[in-house]
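Please find one structure pasted underneath; my questions will follow.
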Amino acid sequence: MNRNDVTEKIIATKVAKGIKWADVAKRVGQSKEWTTALCLGQMTATAEQAQVLAEIFDLTDEEKRWLQVVPYKGSLPTAVPTDPLIYRWYEIVNVYGTTIKELIHEEFGDGIMSAIDFSLDITREPDPKGDRVRVVMSGKFLPYKQY
Amino acid sequence: MNRNDVTEKIIATKVAKGIKWADVAKRVGQSKEWTTALCLGQMTATAEQAQVLAEIFDLTDEEKRWLQVVPYKGSLPTAVPTDPLIYRWYEIVNVYGTTIKELIHEEFGDGIMSAIDFSLDITREPDPKGDRVRVVMSGKFLPYKQY
Amino acid sequence: MNRNDVTEKIIATKVAKGIKWADVAKRVGQSKEWTTALCLGQMTATAEQAQVLAEIFDLTDEEKRWLQVVPYKGSLPTAVPTDPLIYRWYEIVNVYGTTIKELIHEEFGDGIMSAIDFSLDITREPDPKGDRVRVVMSGKFLPYKQY
Amino acid sequence: MNRNDVTEKIIATKVAKGIKWADVAKRVGQSKEWTTALCLGQMTATAEQAQVLAEIFDLTDEEKRWLQVVPYKGSLPTAVPTDPLIYRWYEIVNVYGTTIKELIHEEFGDGIMSAIDFSLDITREPDPKGDRVRVVMSGKFLPYKQY
Amino acid sequence: MNRNDVTEKIIATKVAKGIKWADVAKRVGQSKEWTTALCLGQMTATAEQAQVLAEIFDLTDEEKRWLQVVPYKGSLPTAVPTDPLIYRWYEIVNVYGTTIKELIHEEFGDGIMSAIDFSLDITREPDPKGDRVRVVMSGKFLPYKQY
Amino acid sequence: MNRNDVTEKIIATKVAKGIKWADVAKRVGQSKEWTTALCLGQMTATAEQAQVLAEIFDLTDEEKRWLQVVPYKGSLPTAVPTDPLIYRWYEIVNVYGTTIKELIHEEFGDGIMSAIDFSLDITREPDPKGDRVRVVMSGKFLPYKQY
Amino acid sequence: MNRNDVTEKIIATKVAKGIKWADVAKRVGQSKEWTTALCLGQMTATAEQAQVLAEIFDLTDEEKRWLQVVPYKGSLPTAVPTDPLIYRWYEIVNVYGTTIKELIHEEFGDGIMSAIDFSLDITREPDPKGDRVRVVMSGKFLPYKQY
Amino acid sequence: MNRNDVTEKIIATKVAKGIKWADVAKRVGQSKEWTTALCLGQMTATAEQAQVLAEIFDLTDEEKRWLQVVPYKGSLPTAVPTDPLIYRWYEIVNVYGTTIKELIHEEFGDGIMSAIDFSLDITREPDPKGDRVRVVMSGKFLPYKQY
Amino acid sequence: MNRNDVTEKIIATKVAKGIKWADVAKRVGQSKEWTTALCLGQMTATAEQAQVLAEIFDLTDEEKRWLQVVPYKGSLPTAVPTDPLIYRWYEIVNVYGTTIKELIHEEFGDGIMSAIDFSLDITREPDPKGDRVRVVMSGKFLPYKQY
Amino acid sequence: MNRNDVTEKIIATKVAKGIKWADVAKRVGQSKEWTTALCLGQMTATAEQAQVLAEIFDLTDEEKRWLQVVPYKGSLPTAVPTDPLIYRWYEIVNVYGTTIKELIHEEFGDGIMSAIDFSLDITREPDPKGDRVRVVMSGKFLPYKQY
């Protein structure tokens, strides 16, 4: 058994039971973004969170323990994603990558926006011409220092 | 001459003259994100915008015309970007890709968040533990339809 | 169990029973193109459609539920397809890609032809020198906007 | 000098003079799709066509000769195209590839749709919800034969 | 079950029973080249041919049906083949590729040699300095046409 | 200067002067296949052959010397060729690769068909349904030996 | 002109003048590791540092400005480095990658060792059996947080 | 059974029993770095070490023997690692690769730092601004010699 | 069952029984290099050799037959090998590849060193500064001929 | 100017003057293998050796200095070499890679054959059935040690 087996069981159980990620998140007590990433094998649970997930998804003790082990991260089967929804995000990085780089450096100097000290928030933005997906990302700026 | 030559001239002139993207954007009259993407060869200018950029960056008439031609988009030299700042964005897509997909589908059903009917806003988020980069993205949800 | 298992079962049952996609589409009530893409794991069914497919392909309740979950799309095992029929389409994109880009931009300006708000129709075109495959594609034009 | 130099000159001259592909096609006497592909280095001109293009784009005699030489075809710089417009076509092949294969085989049996004995037609399809790109492709069906 | 399972069973049965491809071809009534390609999962059988193969390789009814379904073609596990015999053919394409292109175009003009309306014949060519493999390929020339 | 420069000069001169490969071969005194491969930078000339080519293509003494140096072989810009004519050959290797392997081993045992002690002959095969390209390849069989 | 041109000029001048990185670092006033990375186009100089480098390497005013612009980072021409010295480091990541991951997580929990808030120190470690390269790396631990 | 099966069993047992690598290392009598690499399938055990691991992880005699066989090394599933912690090490090689090369050559001349006669030590470095990961690597310098 | 299954059984049995390749080779009556390559799935056995291996590794009749079938060759899971020992050989090809080419051509003219009519011999070379691996390779020179 | 420019000048001068590597090696006073690798940009010269090469190849003082700088090694343009002579060596690594690994480990235990403390010798081996290329490689065995 490995973490991937637990992820697959969670997904299959979610489909079989008709569970919603938003509801899982409420019971776990964290955002829907972090909680979904946890369930999809990208984050690490505390013992309490693992217990909550075990109840929701009928996990065994061994499966609970795997949720508390740091996983090998990366959720995509190919370097360039084929799924159209995920590809659009890859395309944004590709088309706007150098723009993002220029503007962060202009504001902050040399360094990066952290993908670790980071949060993500996805919501529906009502719009008469068609509702929109609104995404807010917040990542700590980490400067390159001289030494 | 091609669009890439114009992009390189703009960047070199920006360095030589010490111009800021935010100031270019003000004179162009659009956001700093769209304007920078335009200057970096990813967007298409109107005749008026091309004229403004020509004045800022000392462009010739032919260079101005290239700014009004739709470019072959894509700003990165490799499929997986090596630059640490841009890589962090690729990493977000890789680690959170399936999470983003699950949550958008849970809210909207099958479809995508458009990368065309799309806007991007990057700002500084003051924080006593270290300022953060705040990014707001807004993309129209486009549903897959049955036919 | 995952969506791929359902796809494989559908294909195997189709072979075993000698079912035709065109007949499946009639019972589902949508085009043969969309219905086949659904059966091959690329589209999402409504509850009613899943019920129809369950009857045709002897699917279980769990399999029916998987048909109603948005799949991770992409139907090809390699980035450049090896199958000669599918490769010809890749070749058309490769040989005519820049031509298509030029002509759509000349007519519509900067933007794309949507692959989401999109339909596909494949028919036989009788021809004394050998019948032809006629394909009609219709995708909404989505303009890049300035912001 | 090679064909690629001629292609670059044609594109640069087109930008400098503000020429439209549709007008070039009229003077060449072929469809705008074939003519554009010719100008972009994918097709081969007759002596008469080369002469017409030479007049439009101020080509030298040597450049005219290159237009009459069969080119090494393929218009994209990477196997998976980064440009969003062209990528959408790649995505259609990826998402619908197996569907297209199934339906052509259901209608015609084993074989392919030719990409050589082939024509392409791109037009604007007016639509109150937003105009659409309509593409008609016609390729001869070529059956695999037993031997 | 899929076509690949049938291919593997045919190969394993061939090894277990010591069958020769040439003998299979005689019973099928086609060339050894086409018949072997059929058995290796690249071609499509008629009902009669499937029946013959079923008798030779002890196939079930379901396996027979799979032989009559058009397969996803491509017989190599990597884009550049590692097997020395097959690599030599890849090398011929690599070293002589542009030569073949030049000579076919010099004789026929722009177009291709079909790999569909195509036959292959492999025989032993006795030679006192060491016997040779003689390969005759015949493919219909398909011209690019203007439209 | 390197061999590639000589190849490009030969091709450009051929286009400028309207020379045919078959005529070059006659003057060189070898087959059109080997001679074209030599001119395209894949084979090595004798001093006499280099002299003949120098006369045909107006080569300098240094260029003549490069023709007599063994070149770094490989004529294609990508591992999977994009040009449709050359791709068809790659497709033949891909679709028929395991078939070719099986049949050569059935006839000769373990070993390869040499791509070095090898000849290639391309001719027009008249056919009322459309002329065909006939290719005859002859390569020495080289057995793997035990040691 | 771009940053790469400045890097090439620095390297060529270093070779021509026989300068040592350690001496450059002393004049710049930072470690030899950071200073070399700066000279090789991976870090960003202050105005004072750029002035020092300009004196050492005879840089123009424009070249000095490029040193103060944040570069597109990544110093290797291929994803897997071919140079034996650099490959050994890649090999360490490949062979010890999962080990490093396990031990950092065992000590710190889920998170990463920063490559931005990071320093590197390379020294000679005398050893009677052959001197050794001693490398000390120090990177801030950045924990994944729940949100 | 192969070495990979043993690695997976060790990891699963470690998770199930809540074992720490540091404790395994103490019982094995080697560093935690080497011992973890051994357990993760990268190093080779003596009979005594295999016996110790068999007791800790409930291994069978056959599994013990596999630990004493030299493994096929390489612990990462992709050439560019997707896991953020391991990627940071890849990034260090990418950003600092040429710097490391320059400085080792400046100190030692042409040669490499061995990844075989090599040791690795990972510790926590307390820091009021956030603890750091300190890594000490020591590799024998191996000079290229002339011959 | 396929050849790979036989290879895995041979390796597992070797580990379980503590067999040495050199002893296998003695019983087979060929060199240790060829015999090991045979056992690892790269060469083809005679009936007698298969019988010897069957006795050593407890093979079934079907497994024996697989040893006599020509395998699909290539023993590495990735194009660039990750295992350090095998990588060093890849590195030799990479660093010395053009040198080897120049020297063989200088001595023999255009052609190759055969990898089929080839033998390999690996021995220990005692050396007071540390024993060495001595490898002798002998491959027939095969000249390119004109035709 | 960089090392690659020097390599290209050496090769071009060698062709123009008809120099042999064996003669260069004699004047340099090292083996033809090491000397050729030096001339092809893979090794580092002493001042005296650089002076000898400068005389042979008419090098400038700056070019001489580049020969004394450690180069970025790797002589092949692609990861899998296309040149048939060099490919045969890649094929040997591919077909015999696991065999070589097994036999070196059987003789020496876990470790590698060094590609740094290494020598290469290529000679003609007369043979009545056709002369052979004989290659002797000698690399120090470097054991993995426990720590």
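Per-chain residue numbering starts at 1, and chain names A, B, C, D, E, F, G, H, I and J are given in the order in which the chains are listed.
Simple rule for what comes next: a contact is a pair of C-beta atoms (placed from the backbone, for glycine too) under 8 Å apart; a residue touches a chain by one contact, two chains touch by 3 or more.
Since the model is a prediction, treat every value here as computed from it, not as a measurement.
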Equivalent interface to F-I, taken from B-G, D-E or B-H so that over half of the residue contact pairs match: D-E
Of H-I and G-H, whichever chain pair has more C-beta contact pairs: G-H
Mean-CA-position distance for chain I and chain C (Å): 47
For chain A paired with chain H, centre-to-centre distance based on mean C-alpha positions, whole Å: 29
Separation of mean Cα positions, chain I and chain B [Å, integer]: 53
Where chain J touches two or more other chains at once, by residue number: 33, 72-74, 76, 79-80, 82-84, 91, 94-95, 98, 101, 105, 111-112, 114-116, 142
Contact set on chain D toward chain E in their complex: 30-31, 33-34, 43-44, 70, 72, 98, 101, 105, 109-112, 114, 116-117, 119, 142-147
Chain E partner contacts - residues on chain F that touch it in the complex: 20-22, 32-33, 36-37, 40, 42, 73-76, 79-81, 83-86, 88-108, 111-115, 118, 120, 122-125, 127, 129-142
Contact footprint of chain C on chain E as seen in their complex: 1-2, 62, 65-66, 69, 72-74, 76, 79, 115-116
Touching residues (chain side chain D, partner chain A) in the complex: 80, 82, 84, 87, 91, 94-95
Contacting residues of chain H [partner chain A, same complex]: 8, 11-12, 15-16, 18, 77-78, 80, 82-84
